[in-house]
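As written, the chains take the letters A, B, C and D, and residue 1 is the first residue of each chain.
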Amino acid sequence: MRLLFLGDVVGRSGREGVLRHLPGLRDRLKPDFIVVNGENAAGGFGITEKIAQEFFAAGVDCITLGNHSWDQKELVGQIDRIPNLIRPINYPEGTPGRGFTVLPAKNGRHKVLVINAMARVFMDPMDDPFAAADKVLKVHQLGGARMGPAGVDAVIMDFHGEATSEKMVMGHFLDGRASLVVGTHSHVPTADLQILNGGTAYQSDAGMCGDYDSVIGMKKDAAMWKMLRKIPGERFSPAENDATVTVCGVFVETDDRTGLARRAEAIRVGGRLKESVGV
Amino acid sequence: MRLLFLGDVVGRSGREGVLRHLPGLRDRLKPDFIVVNGENAAGGFGITEKIAQEFFAAGVDCITLGNHSWDQKELVGQIDRIPNLIRPINYPEGTPGRGFTVLPAKNGRHKVLVINAMARVFMDPMDDPFAAADKVLKVHQLGGARMGPAGVDAVIMDFHGEATSEKMVMGHFLDGRASLVVGTHSHVPTADLQILNGGTAYQSDAGMCGDYDSVIGMKKDAAMWKMLRKIPGERFSPAENDATVTVCGVFVETDDRTGLARRAEAIRVGGRLKESVGV
Amino acid sequence: MRLLFLGDVVGRSGREGVLRHLPGLRDRLKPDFIVVNGENAAGGFGITEKIAQEFFAAGVDCITLGNHSWDQKELVGQIDRIPNLIRPINYPEGTPGRGFTVLPAKNGRHKVLVINAMARVFMDPMDDPFAAADKVLKVHQLGGARMGPAGVDAVIMDFHGEATSEKMVMGHFLDGRASLVVGTHSHVPTADLQILNGGTAYQSDAGMCGDYDSVIGMKKDAAMWKMLRKIPGERFSPAENDATVTVCGVFVETDDRTGLARRAEAIRVGGRLKESVGV
Amino acid sequence: MRLLFLGDVVGRSGREGVLRHLPGLRDRLKPDFIVVNGENAAGGFGITEKIAQEFFAAGVDCITLGNHSWDQKELVGQIDRIPNLIRPINYPEGTPGRGFTVLPAKNGRHKVLVINAMARVFMDPMDDPFAAADKVLKVHQLGGARMGPAGVDAVIMDFHGEATSEKMVMGHFLDGRASLVVGTHSHVPTADLQILNGGTAYQSDAGMCGDYDSVIGMKKDAAMWKMLRKIPGERFSPAENDATVTVCGVFVETDDRTGLARRAEAIRVGGRLKESVGV
């Protein structure tokens, strides 16, 4: 199977970047399944149902979220009816939406488990993401139908977090049980993509899909003012220069039998970051 | 000028990786100046005078530190006599050592200002790194002798920090005034190297020089135990598999007149991260 | 019932303060049940089985812990055989020891539920303390035998945390379901003891049992050096001036039928803090 | 001299509590100087010029702030013309307002130095509060005219912070150089008032002037929802039950010659916290 994961989409410029580059990426990579982290898609803060539908229409199979899940408050009431939009699994019990989902691949034959979890170091208090992931993976095991009716052909973990140490622990913790463990939230792609010893592709952060002539996707002036001056300034809003938008993510080709990674390529297209296109 | 910066060297395996790859890098890149972040060089915790001398003997021109500066306590009494080993500038007044230095390039003709500063988001309380950098750069201006006797031909800022937002703010804050602003501390190379609008090369993190089959350079088992179990386990020690050691950093070629970046290349050699060698 | 809770005992001077003042407190208050937080009893860091036995011999019925639970590593292997020494309930599943216990009161007729939980704001990542407490309290309900065989006559929650906001949320969350919700960890007694609307006695922090001519019970010089100088200094060790040791806690008298608080008094004896003795 | 300090005033109910109780406190304590922390006076968030004037009209001599200084944005442009409203001293250089002030006492004969500083542990990045205080106290020394024309008769430090350890370090750091070091920000009064070895009165937190049937002065429901549910809820607003408003602070009587504390009393009036009135 061929899996494409794109990191946090930031604002209008990020969304348009994704929509502009996705056809080319689909042509070239022929992904069987596409995941996008959408926690910053709506003006930098959360996502709306309408934006989610635009992603789905463009071929995205699943959207994940993060600490900005509820910035657009209406989503709280809507998320339960959007089956392929998931939020981090380790929110308190009773939180609307779900933290993982099993969805069909584009080829109709394969099943993909996507888990979204929030890291905890330097982040809000949340339940144990490792225990939560473990519990799901005991039910939905990688290896397809061989693993029983709940078996899945690919597992993608979007681990939304700050600290590289915690992300690597998740990588090793799921090594051999997931096709891809990829971080989000830092809004910067890392260059540490590797296939871990057990066969899981791992990258500490997918990077954002947004304007990199910015401060993590937001306009520089407001972000600099706030950090340098510490007095109120302009509201934060996404940087909007299309020429410096890069679409960032990870592409993984799995072994159809094991569901583990055979090949992995960083994806960076557009803008002024060094281009990287899996072939 | 040609500048080479290498990120946090972690433990014995990281040091040997640097010493093993540095001759090749010097051959290929012909750097006029080499900086290495050494805060984790001694068993993962701090640096000793002896290790510093080994780096200098291998051609390193300047060593920078970070939050682990004083993990080897003897350094407190030694640092004042090691002129090209600097510690973050924003420690309290009266802290041994210095936070910036102006050193001659290998070619004997050029002067390089190196500043080391600690970020504050998710880090220890420290004085304002932006104000501290600003003060130094008002004295030692980029542009060489044209800028007076304190003028310098290149400026390298090692900004040791956690949050990508704060690192980007530093990049933009020094844009046009530094040759290179590069982050350290996350131990993961980022793939966001770019030349900012004002001519400063910027990468959020250089990445570590160490074993990437690890948790930020430390042995996986101890790090995973601590995070997953929260009961005492093995002491942390550096991962030591030479086959998975990658030497990570950034190479910048500056315009000799302005001192700004003309070209920048990520450096990743050895191990299993995707190789990147500036030409 | 008459309940006495004493906050974090710090080091030799704190232990001796408790042993010195406990007979007088027992005479005056005639407590039916005594809880002590012991997380700093052994040289400021954790507790040993021997120290725990000394507390039990002095009439302490239950010992609670906190973020320093495992500073004395041997306790990991011992805690399972010390039934009235509990650790925070929201450690990961599989952690040795237990997070709550039901113990007989001194009068032999009543049962007391003690829960120990760790707060999360500005603390280590832990599971949800509110959900954990809720689960226990659904089984062991306040109100004695009327509530079935698992009913208890008093409920004491030691909520070990930093942020006053989180502690107050726990107070209100358990209001009407606990006899006493009391914070620990800040090592400073708060003067906000009150009986909440639902009948639960609440104080944000019990305060430490230790030397208040100190920095949270530790010798001033080392603590000041570390914070002011940020270079290595003396090891931290407990302050040891017996003349400035205050034993701090809370005394609660409950209604025997409901188990809720009828009267509550702050306890501060010895040293130079303003004395407060329940009558 | 007789000094009265009142902690963070929260919202309408807190302001009215202060205005209601201040006449009685003035009658009883006959303070020569009154300081109030006003960072939460305007609906819980910041302060307006109008509210400041109400406090001044009621006899308050100086208002201090904290991390909420600029929640009412207009204050940024107004603070420079309100000489006895100060903000934390360790904001970046160039921040409007000032971080300390020397004001006449009500008796017309004495001068009082008030410093407001922000702590850094678990708080926003700020410059070194210890160095900043030290610098001021080298100019304005306690001891009155004997210390030269810049000498002052009393020194009050409002140290706005979270961690008790950092507050105690400030207490000891200024011991012998200040009349009173008192913490604010936790919104809970501590019961650790003492006169330190060098003669400085110290209390870790003054406590808020506000409704204690709340979560740090805010309505319980919204605060509990946010912490327990982590989905959007009601906006935070101050709790407004006048019957549970307590006015909290510290009263210090100094030696007129040395300016050091001769006597100190916790102040808690109204509501359901245990009353404490200095005589």
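Operating definition for what follows: contacts are C-beta pairs under 8 Å (C-beta built on N, C-alpha and C of every residue); 3 or more make two chains touch, one makes a residue touch a chain.
Going by UniProt, the chains are A, B, C, D = YmdB family metallophosphoesterase.
This is a predicted model, so every value here is computed, not measured.
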Per Cα centroids, the chain farthest from subunit C: B
Result of counting contacting C-beta pairs for A-B and A-D, higher pair: A-B
Interchain centroid distance [CA atoms averaged], subunit A/subunit D, Å: 46
Chain centre separation in whole Å, for subunit B relative to subunit A (CA means): 30
Per-residue overlap in subunit B, given as positions that touch at least 2 other chains: 92, 126, 228
Subunit D residues within the subunit B interface of the complex: 92-93, 120-121, 125-128, 131
Of subunit B, residues touching subunit C in the complex: 70, 73, 76, 91-92, 94-96, 124, 126, 228-232
Residue numbers on subunit C that touch subunit D, as the complex places them: 122, 130, 162-166, 168-169, 172-173, 186-197, 204-205, 207, 212-216, 220, 223-224, 227-228, 248, 266, 268, 272-274, 276
